[in-house]
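Order as written gives the chain letters A, B, C and D; numbering starts at 1 within each chain.
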């Protein structure tokens, strides 16, 4: 056992992190500082305070980080149309760097020499927490109880709770979700249980934020999203803060059956894993952002962004938000967004996000050139002959030299 | 006027290419060979034969290319999850290389020294036809009437038709679509008309293959797609040829309101253009292919494919199907698909394509490792500590040297 | 002939651009403004003034752009370790954007409606000049005489000169280089003549700036280059302006037989072309920049730069300096260079540039960790076991499922 | 201690691996199989046999793998012009996969359940050995003594040797190189000692295979290399096997002072490390391969290879030779090399490798088009106008909309 004096714990107030809290006290004989954040997961935080006090904690941090979360993490990520493996909107991945940052900052404030979290040794979250912490405070110690203790079954955990006076809400336990879940303003994720078989369809009752497309209203909902520098700043003309934007889009999306996703992904630690995700607002934002970019971005800028996006997504998924390579790419992405201003009109209907219109003071769409009608000389069609001839030149030379393509 | 003796014309039998036919005869005083292909556009071809005969054509090629089209062009492209600019499924782009190839082959067979097509000087299709033709037969001459003549308004065209005894189906003209359209087994595209304003929503009556999500059935349709080497070979257990697969998926998708797309894209010739696309079967195939790859592909192979996809899509969109770089990439893509075998179960419902299950004899999903339950030692969670420590090392050294990330 | 009133000509004072000057006057009946720049090509500019005056030019621009050239074009490019097709240091490509910019600025100042240049229709330079001009002033007209006139042989040019009272320095003509050359502070290029056969070795007498390695001194020269933010600011401790740095390195390199290059490159217009290049200072800078980056850049930042470099080089080679995609990439590159500070010690000897040492206040090289000796616990070798195990996991799962690698 | 019965040891016959041999016998009480390979490191192997016998080994594998090494590892890698971090030719990296493969094959033959190697816990080689072994035989156990034992100083090692009757050649010890070295047909590497300070220049006496440029002959050496499908098959017309090619080029290069390299690289385990490398033949091959590709490869194929090369190099450097992503890339690379045939003429002189000529039956260099002289209509310069106009279109539209580039 290394000589830890004080540890900052990412504490949800739930049973698992309460057990961790006690286990840290017992095992390391150290003081514990709890940190509980509101990232929009939709749970009250005050019970966490009471529970921490009850377990003898003196330094308790409870914070509403929703605005910072969306403004400094979610929005920058969406500027890149970021999708991991073609589908996943990175809802869990993007929350971890903020938590890592706050853990380190609180360690600095309270003079703690370690941090601790409740992520298991099989998942990506341990990596994301710890890479962030090490990058921000290289001398920090990290305690990951799931990699250290032997409480590896639910039975052992319950016994430990009982033996250590940890309050268990047995009523709640009985109705406990069979899934391993994570939630924040961007999404809820579900793993485990019957999902461990990729051939099994998710049950309707699993989903929490959205109705099914079947149960969504028969009438579509139209909305208008206003963009400034790649971020949504207003919905239907009403100016909103970043987290208010996402909250409202979650509500609109959820009501219209939008944003459910069921996939098998490749974890950074080397295994495939099945996950279901509910990302109503994010699903709307991705579609809308591409629409506003489609009229405002230069072609080559857009293509360069598309080519780099998979790497950017991988960097975030793998936990390297706090890295020089992510910051370097962000610089480039943000640079591209200066002109991404305008309005996107969307139709939401039973799971569908349909672009119904886009306009922008920075539009590069030039009707006078694109028209099928007479363009009054704006574009000289004869130019195309030379364009094609020179682009074909290398192919013709090759064919002449006997390099058939057939 | 260069000295053309015989020209092979990509002939649809419609008014525009009939005018071109006559214009070629008049202008170049040359023989014309017509080539009309069934690529699944859903029009009868025999009227084209009659019309060509009526205009004095002796060499008339009418061919059903549907199987070749899907097998050798559409399917290879879908192996790469190909999407241009994040959304467009390349329905028009992928048909052009086959037409270019047949034009050249027919020129070889008939001793023609030129080919001709009806694509305008503003679009991508002229590029795709001509790059293909030059790559396959570098000495071929290309006549692109829209870049040469002065019949640049509909009025002038109609006058020319009248003056040159070209049969105009005035009944049909009256009901003519206000859109510039292109169709084949993969999609229908719509451009022009009111679509030239990107803020205007497409009219419901424009769409031809699909019902709207609103009008789709209240009951979902479940289907199972069987993959071999990345291609669908059976639907619900029934073995089908490639074009039969796509036909059936078009029907299933169209009935369920799937595959409509409305976007602004960047043309190779340098302008932005608004297009609407209807790709029912392709939309299903893209989703399903990602699902079967998600359990069968190695992570790094999948990520490499994702990083290269935008370039591959650009190559096809820009008309470089018949190029060494496309063939080189195809080699790599096809190599990756050897293990992409198995079954995907989908739920189709009112515009949604939802993955309900995937299984494969080549699955890399390992339940015994991924499980949240006891894994009997299959994975040693302690390994993660070293994994994270070494991945963090460069970040820690940098932070120690004062390179803060904040 | 379009109605041109005044044209700004990139004028060297040589025979060819003098003929162009007169041809513009004759053909377009327009006023000509001459623009002659010192980019370090090593020729006096005043004779160009005299000659222009003699031909009746009233607005004559003669400018020393050496500092701007190196500071704003050469140095930014070298921050990316830019090399086209693995070898070419882009000496010609990087000068064109500056000339294009000044042509446009002078057109604005003088109210000219066109620009003109002496680049042929086969090369890259026409593209670079014109893309730049169009990007900076989209309504500008461009006159490229080599694409318009019929003076396509040297004989016709000489006759035209004679018939139009253009002074020909016949003495100079007799000794004229058989090569098509271009020179600026970064390099001299040679094309044409016997170089048109790629099997023929360049003649020793062709090279102008450097001695051959054989003729270089028997004693090596050691120098120290000081970097700030990726740029060289001092040589052997002496602080110099950007163009002074490059001048001095050219001298040092040239004396030591450094920087000759003989290659076949792929032009943007579609053909292969043989070129010889003499880039003494640039060759030194490339080697030194990599050396200073090797101790100051983070690994992933360095690798990302390496992956993007070929595209960045292509952008510059093809003439897209004045494009949003280049500016976007530059942003990222420059961001990475904040920490590229320090000193590189080099040994120059008979064509070789050898790194003899590098040091930096921003070095990430950590001797205490890298050492083969006892590191006092700075690095725990046991961490490597977990690192390898998890990195191997996907490979092991695949092998277990029968996916042999052999 | 896991229950190991038999282990295959990568055994050099030197002191360190002899100590490992004994340590394995003592610690695991298991049988040891020794495997000693000739990869061209230039040491006799029979002493290793004698020493192994002396230490009681019954199963001794001694193999000449030079041909396989160059044919199946070195040559395929050079087809991609592979360079790590702009400079390193991967001499050590490329040998590890072959050793890993043989260790696994011998384990299969001898029924061994483990393999062992002498690489330390700080370096890349442990990763390369072990990733290879796990990929090829996922259930194999790996014993890495340097990560397990406490013999972490030279003193402790010597004591262990003395106490365990391991023959130490004290004469040799006294003259032992102060560097950690690795050698095979492709290179020798040097690390440690005074090299641990990146500001210190390497000593002349360190280098073993090459003379310094200063000591190289005053007369250049010309050679001609014949390529087939991207590999060298003959030198000066003499047909040679792959390892004979590399041997001969090492001799030629070494005599002419070619192939020394001094750099700081980024290890996969997260630290920077200083290394000096001597790669005479490889340095020649890289230059020559680019030269033959320059006339035979299509432009876009060449550029695609250049864009992917850094990733391919990283894959090999990091130890993922035996991975599906490397095999997938190799497929593409090899496909591109079908046309890489011809002859390259080189001048070797005092550290310089100078291309003096290249020719090929598959050359795409077309003198009739590239010429500065009259091309008899092979290329229509007017085509360039349209080419430039359309390529500029997006830039002009943007500028017209107020997106200045200045």
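Details
Rule of thumb we're sticking to: a contact is a pair of C-beta atoms (placed from the backbone, for glycine too) under 8 Å apart; a residue touches a chain by one contact, two chains touch by 3 or more.
Quick caveat, the model's predicted, so the values are computed rather than measured.
Chains touching both subunit B and subunit C: A, D. Of the two chain pairs shown, C-D and A-D, the one joined by more C-beta contacts is C-D.
Between the CA-based centres of subunit A and subunit C the separation comes to 42 Å, rounded to the whole angstrom.
The distance from the centre of subunit C to the centre of subunit D, with each centre set as the mean of the Cα atoms, comes to 32 Å. Note on chain placement: the centre of subunit A and the centre of subunit D lie 40 Å apart, centres being C-alpha means. Annotation for subunit D: residues touching 2 or more other chains are 266, 269-271, 298-300, 311, 323-324, 327, 363-364, 366, 369, 379, 382-385, 387, 390-394, 397-398, 400, 403.
Note for the complex: subunit C touches subunit A at residues 266, 269-271, 298, 300-301, 304, 311, 320, 323-325, 327-329, 331-332, 335-336, 390-394, 397.
Across the complex, subunit B is touched by residues 81, 85-87, 101, 120-122, 126-127, 130-131, 134-139, 144, 146-147, 152-153, 180, 191-192, 196-201, 213-214, 218, 220, 260, 262-266, 269-274, 290-291, 294-295, 299, 302-303, 306-307, 310-311, 314, 322-324, 327, 345, 347, 349-352, 354-359, 363-367, 369-374, 379, 381-385, 387-388, 391-392, 395-400, 403-406 of subunit A. Within the complex, the subunit D residues that touch subunit A are 298-300, 339, 362-364, 366, 369, 379-380, 382-387, 389-391, 393-394, 397-398, 400-401, 403.
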